[in-house]
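Given below, in the form of structure tokens, are the structures.
First chain A sits with chain B, and in the next complex the same chain sits with chain C.
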Partner chain A sequence: MNTQPEKIAIRIDHDKCTECRMCYVVCREINLNAVVIDPGPKHLHEIDMDRCTYPGCTVCLMYCPAPASIVETVSGLSLVPPPARVWTEDKRWPRRAPRTGN
Partner chain B sequence: MNQPTRLPGAALAQELTEAGHADGAHTPFDLVLEAARRGELDEAAYYRLLGRLWVLKRLMYYVYGGWAQGLNVNEYPPSVDYLLSKQLYDDSTHEMVLVDEILRRGLAPTQRAVFRHPNGRFVIASRIGHFVFTLRALANYAHNIRMAALNLGAKLVELAWLERFAAQFPDPALRTLFDGLIAETASHVQMGRFVVERFVEKPVDQELCRRTAAIARRDYLAVLDEIGGQVLGVEEVTPTGHIEIPRGLD
Partner chain C sequence: MELHPILQEFLDTWVYPTGFSGPGYDFRMHITERCIPAWNGMTMSAVKAAQEDAKTPTREWLWSSVLAGYAGEGPQMSIKQMSTQLLSVSLEDQERYIDLQRMRAQQVWDEVKHGMLHADVMLRGGYVKREEELMDSADANTLGILSYFGCTAMFPHIHPLARAAQHYFFEGSACLGIQVRMRYMNDPLDLHDNLSQYVDELMHFMEGKYQMDVYALTEKDQRAIEDTLDFLLKPWAPTLADALARAKQGAAA
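Then we have the complex of A and B:
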């Protein structure tokens, strides 16, 4: 029996997404590259769950202009960005590990 | 443990956003919306509204060509190049959506006819002209500053009236049209935020952003005032070579 808990992750709801690709740009900007472009005919963007660090990072959500187009896979909840006043930098740009060695 | 990365322009982006929200809370277009809700706007008024907005959009994306040249000079990351081209594409689409609605309603037979009609004609001595030439002048600045000016300035005001029109405009087709413009306009605001947060760091650039964004908001509000007056029939669509620029405009 598999007791491994299902990984909390996010996916894109293409009915609501406008394909503006702000999520792609900002995810790439922070070197996670978890938003990938599907090679299919529509070139939709998807989230690579192996690279995505949600809920540690929510940078895509913070810049998404289309409300509720990012959905949490486990709960099925459509995520809506919090008000600007509660944004914190460590939630938005949590990526670069400190340099180690030599 | 991961280290949070400092966002140099985060506070400035927040400040500009709040200023944009404040200016967008009430615009001259509120009078247009109220008149429409009272049933005082006819098809001719809708033509003036769609036609003048079409002129504005058309001119806005003409400006981007000059901006793109400056983008190469400043060698911004590819993501910033991409965002500008996406914005150009969006505003070009918006311009087509507006003229399509004019044609669909039978207000003009062809796009060429709209170009020639006073409602669709660009007039240099107009507040649209003033706004567009001010934006064009921003090509002299770094891209982060002009993105701040347009996307965290005028676009925030545009988004505010669009949301009100999308929710309350009495004509269903126009309400749908305005609703359809919201997502991309919101995306442009987010682009502005991204560029300002990541690439506006020096105090001199931050001050330039404040100043240019304030000018863009003010000029854009002047455009809305002009178009609103034309839609309501209190101002001529085609001035005869003379334009009253509001006091205090640079």
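Then we have the complex of A and C:
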């Protein structure tokens, strides 16, 4: 059985992003290196979907500080702050109150 | 302990969602337990202060808070404090801590930007006519918080990760304080002072979160962070409220 979640593209909304590059740092830390710097004059960083494993991985979302700066490309859904569904199921930390929606 | 809803929301949104697991994460949860009572207390007192300020017909409180902010951030702090931290990672550790260095360099810019923002509020509020006037004011150039300058200028020389505690605890407090101001006050200049800073403070908080999750894996690394927190949470350590009161007295003198 294929348990891989269906691949959904994400992108950075540069109107909301603070350019702190935390996403770049954390994605490199997990060795996926999917946040890449555009060599163009603005050196904006973008997500390379050939490398990104979202929604299998959501690490950049857990550390990005700027609400609405990482969005699903098609749905436009904002993923920062992380939607409850990406963490409420995790039982490592029992203090987490179950939340609905985001 | 009943948590203030602003703190609960902060915890649920920014503290608990975590991209890593393992000893760093477990350690950060332990640190979180230590921070929560202090965060809760400071959220409550920020609410009280905001409610009082909101009732005051004059904007005297705004002058005190931007002046303390100006003294505590901007070129002054960035150059002294952040640059000492950039230098605190020894050459052989540079590769291991390159992300810390990168984030620290980013913070120099954030803090300079904050200083500019505070000056802008002072100018718009009519407290000064030119930013240069602030050069004559000791209050605009010193901040009497021992933990701030003591810890931030000294601890990084002991261990590159010591700053993670400062980022987690202090910048977490800053996020909570700013949230309170933005929700309990309705003053456009105060909002202008706080709005963009919120995201920067959150970034600095995330820096501490990330550093603990990823780097605080051994007893030795964790000890450096715990020691810093011991210092920050000492009951004798002056608080930001003390510093603001001091700035107020200075302004009244």
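Definition applied: the second predicted complex is superposed on the first by the 74 of 102 C-alpha atoms of A that agree within 3 Å, B and C clash if a C-alpha of one lies under 4 Å from a C-alpha of the other, contacts with A are read in each partner's own complex, and residues count from 1 in each chain.
Definition applied: a contact is a pair of C-beta atoms (placed from the backbone, for glycine too) under 8 Å apart; a residue touches a chain by one contact, two chains touch by 3 or more.
Owing to the predicted nature of the structure, the values given are computational and were not obtained by experimental measurement.
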item	value
Contacts of A:Ala66 with chain B and chain C, given as first, second, both or neither	both
Chain B versus chain C as contact partner of A:Arg11, first or second or both or neither	neither
Which of chain B and chain C A:Thr58 touches, first, second, both or neither	second
First (chain B), second (chain C), both or neither touched by A:Val26	both
Overlapping contact positions on chain A, where the chain C interface meets the chain B interface	18, 20-22, 25-26, 29-30, 63-66, 92-93, 95-97
Footprint of chain A on chain C - complex, ascending	8, 11-14, 16-21, 25, 29, 99, 102-103, 106, 199-200, 202-203, 205-207, 209-210, 214
In the complex with chain C, residue positions of chain A that touch it	18, 20-22, 25-26, 29-30, 57-66, 81-82, 86-87, 92-93, 95-97, 99
Contact set on chain A toward chain B in their complex	18, 20-22, 25-26, 28-30, 56, 63-66, 84, 89-90, 92-98
Residues on chain B engaged by chain A in the complex (per definition of touch)	1-7, 10, 14, 17, 77, 79, 82-83, 86, 183-184, 186-187, 189-191, 193-194, 198
